[in-house]
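Shared between the two complexes below is chain A, which has chain B as its partner in the first and chain C in the second.
Entry: the complex of A and B
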């Protein structure tokens, strides 16, 4: 190490010209190079031990096999592009890098520009910035709850179901179905139909089971057997099940059983509905003479399930959902930086544009945004670096069953390295991530230098 | 090249640490004899106090005498030990009480090191760092074998081995052994062949405890007819699904095939696997039989899958939930009382006999010393197991444990079922498999069974996927 630093003490590769050699022992400020090196040493040692050595070791480790004993060449890197898990991770990382920084920056820009104009701007900024004070882990746990499937727990589904249900109502008998030895059979699409056609003057029984007593509609009364009528078809549709007692007489109306008020019954002949009726509180209904010889059908909308909301953490929505939680955290960060940049924008320019007759949108689009461009670039690039290493949110929010679909490189690195004991492949992922970060870093450093020169 | 040299350094490091520790111990014993004597006096006092407390309960008078005799432990004043396990919460606290009793009896100081899953990788980094814990509790037989192969685990000494053979049936001794040598003491066991049910739901539906798979289906239908979804499945965690499969497979295909499949001597494309998956699809494939449907089940974690079956009065989200005795811990979080509101029946027989699938945690010595051996001996004794058994949520395969120490009738019934299974039980198959196949979230068997729960029609596809993953995991 010591020799390395000694070799590295000449930071200017060109070196001073030979003729002025005696002078070269002292720099402009008059300190000796050895002294400078001495002061640099602690930092160099720390950097070397904590940054350079781990990078170097990961690089070397990535060329060895699982046990670390045999050289594996580029096998680990080959696995990077053939392993399904890593490929999904790569694809998701691209989605992350494209969407998360841009959405967070766009929201930050909107917030920053708008809060400048409201009186309670600072308070608003404070609220938007607040999530930054929470650790990623805590945010992950919060959003795990937000995205909970159960609308009674997850606020996302609670809102979604609330909106949905104002437009489409669910039915009264979602889980009703024919019991054993029933005269009904499933007709596809959730409807049920009688096995036998009905004839005039007959009474029909349409028993179903599966509606819990406390979920019965309020109008439900004790079920009554239908009275036969000439020239009509009468019948009963009811819950053929009593709590604690079972079915009683299967297909027979027992005294403790309840009717299905509001159940729709259709008489179907050759696929066409010829008559229809709705059951009364005791479950009885009457069909006119046209229904003679038809099959009775209980259409599917009687049994429509209550809407259960979106599968936020299911395979298809999990990545956007996690990105949403990331934006919640980082939009505040973008907003604060952009607001600071905005404070530095010369007012005269905006005023001049307004005097020239530009609309507010034009001022924003043609003056504010171009002036803010350097700041926006900083924010986007910083977020990009941040997004490349995203791990905790995905690890916590995605449930085990969809972790594969939400996978990102940093998570896959962890899983390969610590769960499946594949340190070689994990190192290769680490090196690959480093390669991805380098261009972004280079851009940032170069821009910073330019700024300093200015 | 570079790697091998690093390894060399590591092992030297490890050795140095060990020697230093040993030296430290002798030094301390030399100087603090007086203190030790004092400690022993205090110990005797506190033990008497304990005895007095127990006497109040009545029948423990004899047990107390037996306890003092049942295991002899050396005096270890001044020694210190580290024990690593993945347990958290109440389980950890209860285990610490067992360690405290060991400290009391021997004078050694025991520190509990909380570990993370998979513990074998956790230990790997500790060994690489040169300071592994003295004793670790490993949950998988595969992990014990791995630890032995890597030279981390040390065999049990004569004392511990004697205690083990006195208190454990051959089956439990065998799964703790590698190449005939005893390494692991199965301190804790799990009976994973249980179905818990909401007694109120069964009463409302007029359903009865089933004995066979067909009866289970009938019961499920009855519960469904009463307006309650029959099953709650914690599909967000793959291991609950592998346990479902293992119970069906063990009962249907028999123990021989089970062992073969566990070792991957037969392929997952075997017709017996097809039968088991098809049988499973009889429940998983009915959308209305699983709470929340398959999509909902895949987002239900295990604790929720248990609690949702025992909350909601007459209308819980489900009537039955399958899992091991440890589900009690989660039931404890609800208002339901185990034994009255929450009851249990053994997993019904799919084939000729009902399955008994078990799991467990084995204590393995990583740093051989007199103290570590003594701790292994202690954990193999009925005394240690009785302490934790009394506290609840714990099941011991130790046949020396009197089943009357279990805190409730349900726990007692489960424990008796486990011990009486003798050598007929089978250890959790996914725990025997390589970690990449049987124990990694989102991979291998866990992931494939989750996909199968989503799409139970594709039996052949699931089998092929299982075989491909198994071949990769067992082969490499």
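Entry: the complex of A and C
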């Protein structure tokens, strides 16, 4: 159906999608049949050998075992639903068929409608349509780069981490922890707490180790011992580690050591935070009188691992990620077909609705979309057929480690048929794929038969 | 028939909003202006979103490999001195890559020409010759439009193995021709059927034979459809990886397969993959920009493939 109907969405939608030949198309030339046969021969031979014969071959082969010698009944078809690899592939294919065409079509519709309102709509269409001209291999390489896990290299994670860090503060001291003989102990959940309560007028030391020198915050200055103050609690939190000399004086502020600027310190009494402070560049901090008798806690926020973004190509996200790249390639196709359909929508209808006071959204929802329904159906069905056969993108984008999780039928067919030498099962997959497109084949032929016969 | 399909440049006639606008209040006009601004911003963001992946590939291909390994491509915006054609130079010295590029050409050109010629012969026969069961034969061919190539991989691999075509450029070409033909016959038959009968009869009266009629009248008149078909098939074959992955060997593999074999070491060989992918994209993109109109109509007619 797709081809025939899609063709009808050209600039003259009222014209017949498939031209009807003149009433009597008796050969103008009075050709002999042998001549006709000669004209047809090359096409029919090639089609017969390369398309028709393989269909029959696959059908028969799918009922034979691995070696092809013994009749296997429906064993290969049973494997379609019992083999783990194929079941994952089937499940993923369902996800693909449901989401990829609908998302691409929805985007195509939005773009087609919106580009009518800007002067540079043509340039926009070119940009979105362009990926259709390149190979799925190139698109695959493009998206392998986009989805690189390292936020310093993959643009998807760079953006994602950027957005994340704007809303969630990142911590400055990921691997910091108490050294030996430290006054601090782990308090669960990644926080650290002093073993002894603090008293007014005391100076407290909160030494930690473990922050790599190149990861120290830029504001870190030479650590300074705190000055005692009456009616307050003062202290220092710093990196108690001197390069080359081990830890210097353990628990003592040495001149070579750096403070922990921005470290948050909480005074906790009976589980309640009674006061808090933030360390300065030299690691010193001051707590008010309320902190008397409290334990000092360095909350876990200080030590969170930096956020590294999503594992796009890991087992759980790989299929959505590859579908994303497919949508990048095919939304332009949907957009162009829908834009062509849109050009055929009578403007007066939209205008009439506007004059009647309909909002733009209502015009879109109640007039434009229903009028475009046939085109939308063609686009969705076309993309569904296309998606059933998706191979290259999955094969290229999914790394070896998650290819099992990203598996689809076309890829499984390739693996079974050419990597693990199981042509019986591969043929069964092929026949299954063919069965899925037969309704469309039937629709195409039926539709055309009417037009050819007219 | 589909040859005068919408080019990308189609913009719908501006909506005749004047009359409506006159009746609108200032408030709703302001709201409209604001939403117009939103639309512009939205489309710009989307356009950027669509461009960034390709720009990333291009810039990655223009950076030295040690920089690619160390940081993201966007670093060139602050350090433009990184840009270099080094990787491209290295790539063109790589015998595997250059010979696979030649193979791509050696596969694509004949596969395109053959599909056009064989498809046109059959399309003409279906449109203008008289023989029993003509329409049924044509419908059978149309039915083959949606057959997935996957169905044929194993059987044809075996067939080619028997007749010695496996691993050769010829095998790859033939496979592409076979699977390009249903669309070619469908498109060209429908286009040829629209040729005015008088033209063919006049040529016939002048004493032109069937072959001459085909070559001198039908083919030239079919120009637009042939262009669409040719461009579509060209891009299809040029961009193919799956068929070549199975039917070619290391000596006959096109660029797509040569690059695919590099995917295993992904991460360490961006200096091969990125420029390689970009080189493989240059010709399709040039064809796309030069023949937008024909490409779009080909895509629209060949939606099913």
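One rule holds in what follows: the second predicted complex is superposed on the first by the 275 of 454 C-alpha atoms of A that agree within 3 Å, B and C clash if a C-alpha of one lies under 4 Å from a C-alpha of the other, contacts with A are read in each partner's own complex, and residues count from 1 in each chain.
Everything below uses one rule, namely that contacts are C-beta pairs under 8 Å (C-beta built on N, C-alpha and C of every residue); 3 or more make two chains touch, one makes a residue touch a chain.
It should be emphasised that the depicted structure is a prediction, and the values quoted were computed from it without experimental measurement.
**Q** Pick one for A:418: touches chain B only (first), chain C only (second), both, or neither.
**A** Both partners, chain B and chain C.
**Q** Of the partners chain B and chain C, which touch A:399 in the superposed model: first, second, both, neither?
**A** both
**Q** Report for A:224: first if it touches chain B alone, second if chain C alone, otherwise both or neither.
**A** neither
**Q** With the two complexes superposed on chain A, say which partner A:191 touches: chain B (first), chain C (second), both, or neither.
**A** neither
**Q** Kindly classify A:212 by the partners it touches after superposition: chain B alone (first), chain C alone (second), both, or neither?
**A** first
**Q** For the overlaid complexes, name the partner, chain B or chain C, with more touching residues on chain A.
**A** After superposing on chain A, more of chain A is contacted by C.
**Q** Kindly classify A:430 by the partners it touches after superposition: chain B alone (first), chain C alone (second), both, or neither?
**A** So A:430 only meets chain C here.
**Q** Counting only touches as set out at the top, which of chain B and chain C does A:131 meet: first, second, both, neither?
**A** A:131 sits against chain C, while chain B stays out of touch.
**Q** Can A:241 be said to touch chain B (first), chain C (second), both, or neither?
**A** first
**Q** Show me the chain A residues, by the header's touch rule, that chain B contacts in one structure and chain C contacts in the other.
**A** 61, 399-400, 418
**Q** Which residues of chain C touch chain A once you look at their complex with the stated criterion?
**A** Within the complex, chain C contacts chain A at residues 1-2, 4-6, 8-13, 15-17, 19-20, 23, 35-36, 39-40, 42-43, 46-47, 50-54, 56-57, 60, 71-74, 118-119, 121-122, 124-131, 135, 137-139, 141-159, 174-175, 177-179, 181-183, 185-186, 190-191, 193-194, 197, 200-201, 204, 210, 213-214, 235, 238-242, 245-246, 256, 259-260, 263-264, 266, 270, 273-274, 277-278, 280-281, 284-285, 287-288, 292, 295-297, 299-304.
**Q** Write out the stretch or stretches of chain B touching chain A in their complex.
**A** My answer: residues 2-4, 7, 118, 120-121, 124, 203-206, 221-222, 224-228, 235-238, 288, 292, 295-296, 298-299, 301, 314-315, 435-436, 440-443, 446-447, 450, 476.
**Q** Quick one: in the complex, what on chain A touches chain B?
**A** 60-61, 64, 66, 68-69, 85, 149, 175, 177, 179-180, 209-215, 241, 243-247, 308, 311, 313-314, 399-404, 407, 415, 418-421
**Q** Chain C touches which residues of chain A in the complex?
**A** Within the complex, chain A contacts chain C at residues 2-3, 6-7, 9-11, 17-22, 25-29, 31, 33, 35-37, 39-40, 42-44, 46-47, 49-55, 57-58, 61, 111, 114-118, 121-138, 141-146, 152-155, 158, 328, 333, 336-337, 339-340, 342-343, 347, 350-351, 354-355, 360, 378-379, 382, 385, 388-389, 391-392, 395-396, 399-400, 410, 413-414, 417-418, 423, 426-427, 429-431, 433-434, 437, 440-442, 444-445, 448-449, 452-453.
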